[in-house]
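Just passing along the structure, written as structure tokens.
For reference, chains read A, B, C and D in written order, and residue numbers begin at 1 within each chain.
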Amino acid sequence: MLRTKNFWVIGGDPRQAALAELLADDGHGVHTFALEGAEGMECEKTLEGVRLADCVVLPLPAADGAGKLNAPLSDEVCDLGEILEAMRPGQLLCAGMAGPELKSQAQRRGILLRDYFAREELAVLNAIPTAEGVIQIAMEELGITLHDARALVVGFGRLGKALGPRLRALGARTWVAARSYDQRAMAEGMGLEAEGLERLQEWLCSFDLVVNTVPASILGVEELAAMKEGVLVIDLASRPGGVDLSAAAALGVRVIWALSLPGRVAPVTSGRYIKDTVYHIMEELEG
Amino acid sequence: MLRTKNFWVIGGDPRQAALAELLADDGHGVHTFALEGAEGMECEKTLEGVRLADCVVLPLPAADGAGKLNAPLSDEVCDLGEILEAMRPGQLLCAGMAGPELKSQAQRRGILLRDYFAREELAVLNAIPTAEGVIQIAMEELGITLHDARALVVGFGRLGKALGPRLRALGARTWVAARSYDQRAMAEGMGLEAEGLERLQEWLCSFDLVVNTVPASILGVEELAAMKEGVLVIDLASRPGGVDLSAAAALGVRVIWALSLPGRVAPVTSGRYIKDTVYHIMEELEG
Amino acid sequence: MLRTKNFWVIGGDPRQAALAELLADDGHGVHTFALEGAEGMECEKTLEGVRLADCVVLPLPAADGAGKLNAPLSDEVCDLGEILEAMRPGQLLCAGMAGPELKSQAQRRGILLRDYFAREELAVLNAIPTAEGVIQIAMEELGITLHDARALVVGFGRLGKALGPRLRALGARTWVAARSYDQRAMAEGMGLEAEGLERLQEWLCSFDLVVNTVPASILGVEELAAMKEGVLVIDLASRPGGVDLSAAAALGVRVIWALSLPGRVAPVTSGRYIKDTVYHIMEELEG
Amino acid sequence: MLRTKNFWVIGGDPRQAALAELLADDGHGVHTFALEGAEGMECEKTLEGVRLADCVVLPLPAADGAGKLNAPLSDEVCDLGEILEAMRPGQLLCAGMAGPELKSQAQRRGILLRDYFAREELAVLNAIPTAEGVIQIAMEELGITLHDARALVVGFGRLGKALGPRLRALGARTWVAARSYDQRAMAEGMGLEAEGLERLQEWLCSFDLVVNTVPASILGVEELAAMKEGVLVIDLASRPGGVDLSAAAALGVRVIWALSLPGRVAPVTSGRYIKDTVYHIMEELEG
């Protein structure tokens, strides 16, 4: 196990707040900043102590749309530059989705920047709450049970591998559509039915639930038109998304574009995943 | 399969509306009454044609609190007696939770009354949407994933048997508390951990989710006081319930008393279960 | 937990040997008799000390075909009467499948006889190694994987409930044939396909594996003739069995009549189940 | 689907025999050679017709230890060179584990050689019968049920991903030991417990079953010495294997080195996987 460390947890949403609590539960010294809106959180007023930190953790994503610290639980606006200024060369800064500006500033100042979101392990873990979020949405939106429903998962990467077996375990008749023979073989090994993507619109018609996990334009007007009445489509593809939303609107197909599910459906678990990933980063640096 | 029949579907909520549609999908002649509020439903104005029905289906429950036809999708108030008056002796009347008044009226008129809700098969099937409803609520309410959460199911009858394996399949560390050794053996065979009910408050403290399925006063002030901070308690016990709600309120334990989940979370599937059960009643009468 | 007790474990096969070891592991004083053939077992030479026992455990079944103590691991032949003679009135005697002769002798002498095999909990637990034994046999005998095989489980009592979900979990396309609507509903809730028994021979033709769990003559010449070439039939029904073996031989259908699987495939686990059941008997007597 | 083709299936074990039958079942023209020992198989006497084949399939592995055609079901000894001589340039030759000699000969003659065993999809599919083979061996060898047994899977590549969830589904308490955080995250997402490989010998002591899937020297004298009495070790690592066999023998640890499980436990399914892979090769060449 890690010895007791000094952490600064700065900005972010309930995931960061959970992260701060979990670090403290593990016995570490934890300082928070720009998290005043989190329940029961006492935050530092200045960044002065940051220079003593063993590790500074920025949120996921680190920056908001305007390039400032992403801090929805704080009323203050804070430049990422201010945080880096408060740090010493050689200190560890962990951030989620670090942009080029943050990277170059960190490099200039000799700060050890690590993007925890770029690590495969976090992406794999985040597939768990994402899969649960899809299940929750499907349960909320459909008038039928998932049990005995016909479900199609498009794509069989990390998300498909987390989602497909869970749907099957709940009794859904679950198909996977994937381009590569390898992924289809993997899906079959997990007890799912698998098909290629080529003639998708020919066999789409029987599904009650279609979940797209592929970051590409997969469900266009032809596919949407082929779907069963009452189908629910959940799109997990990041911008620009994998579903033609205007075609769906015109055809009356219900589509839910569900982004960033981990932070929304399970902030505490998401905070724990970030904690574990940060620990692994620290172990590797020490190791 | 059944030959084409003449059904009257009278009153009820979206389950009855789904039942009417599913019967029509199977090719039967279907008349509806007191379901005007259901989308796209054309209802009969009078009960005149009821005397030609092969089967009349009343909702679940058949009567509302005031003893009238349970018809939340209709503006009219209808006496159950009117429906029976419109029927001939020997006709089949299927109803959910038929009360003593309905039973004696039917008997007096020589109408063949069958309570579909009293059949074990429907209770077993209804455990499926109930389990899904519990999962949905837990996902909505908890800030952690069900995966890796610690869940306790109290009781291992039909509901526990449907819920326990689903929680485990989603990755929850699932315990069952049941009085009888048989039920505990059954739970163990399904890969769950099982304990008795005697010293419940001694080991309750570690659970993130506690679901009561036992129709008895199980979770009193001592048990509630022993629970972990942030726990979610879902009570499935019908009135008067299995949780001491005032003690929970005083202790700040979050309790959701979730009744009638099948009709709420999956009306279409619930309608299908009623349809299958009505078919079985008819087969047995013919057989 | 139980205080330390004095047990006598008498006769039996490797299950009894495992039982003796497990009782000793739990800290009890354990004497064995007529188990000399078990590896590393030191047995008593006489039954003299039996009168000091808190509990005497006879094997499953207690008697062999000739009515003597069932003691395949011993060269000695021992009358059940000798054991009872060595006991005092009021002592506890646990036996598996106690016959009428043993019962009447025990009653005459005022010995507290309990048949552990008659307890539902043991039957439920024994379904686990039985299901594993079926899986092992099917894997050994079939040239195809269980994954993607088509499997039919006839009957959905304790054995069917243990076997069906395991086959499905291994990826077999699993059907259940059961008479009652309740059992079919239960099977469906576990993600299995379910049908009635009436027209079994009409849809038997597609299965690679058929497992009979019903103690009745279910698979006669018509059903066997309808089966697919290369099918494997495993019959779990106790004597006289559920499969017409001579018809099967004539038709060239491979049938394995697999009795007493728990003791054969998992003697240690079976011994543990007996131990747990004996503990529960003692708790209830003390309770 | 593919149009009807002309296949030559040459040499090999029951997998090749199954392949030939399955191709014929699909409606193709199928000629066999050097498979006389397979039940009911009529083989060609000469290779004359090979030049008309759309696809020639050699076994897995194509060559035996002496570099000749691997043909355990034939009494004849056949050079791989003879087969290539009988082919025309441009013809398709599919072979499993094609060696350098076969490759260079094929290239010299302008024959289109494809190694089906080198395709990821076949490796993924073969993990299924391998996992079933491990389960079968464990059931045969252990005196306890897999249910409630403590099982450790070392490595979490294709084999671990197929085996781990199956063990868990059967009720085994299943741990995974894997070096990378990604694989551990994947294992956790599948409901398994995961640890690193570093301190393996410290926590090995509690397992009833240890399965090694890593092709490296993982279980040496220290690890073996730390294991529980009665443990069963199954090694799936290809030569030179992952277990120190002489240390195991000295310590009395039971080790089963289980190679080539797919062909042994499920030849028909293995033949089907080869068929599917050969089809995909042909589709890609045509596509």
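Methods note: a contact is a pair of C-beta atoms (placed from the backbone, for glycine too) under 8 Å apart; a residue touches a chain by one contact, two chains touch by 3 or more.
Everything quoted here is computed from the prediction, not taken from an experiment.
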- request: By the contact definition above, name the pair with the higher C-beta contact count: B-D or A-D.
  value: A-D
Query: By CA centroid distance, what chain is farthest from chain D?
result: B
Task: Averaged over CA atoms, how far is the centre of chain A from the centre of chain D? Could you give it in whole Å?
output: 36
Field: Euclidean distance of C-alpha centroids - chain B vs chain D, Å
entry: 49
- prompt: Multi-chain contacts in chain B: which residues touch at least two other chains?
  reply: 128, 147-148, 169, 171, 188-189
Field: In the complex, chain A residues that touch chain C
entry: 147-148, 168-169, 171, 188-189, 191
Message: If we count contacts the way the header does, which residues on chain A are in touch with chain D in the complex?
response: 119-122, 124-125, 127-128, 161-162, 165, 180-182, 184-186, 188-190, 277, 280
Message: Applying the document's contact rule, which stretches of chain C touch chain D when the two form their complex?
response: 14, 18, 128-129, 132-133, 135-136, 139-140, 142-148, 166, 169-171, 265-269
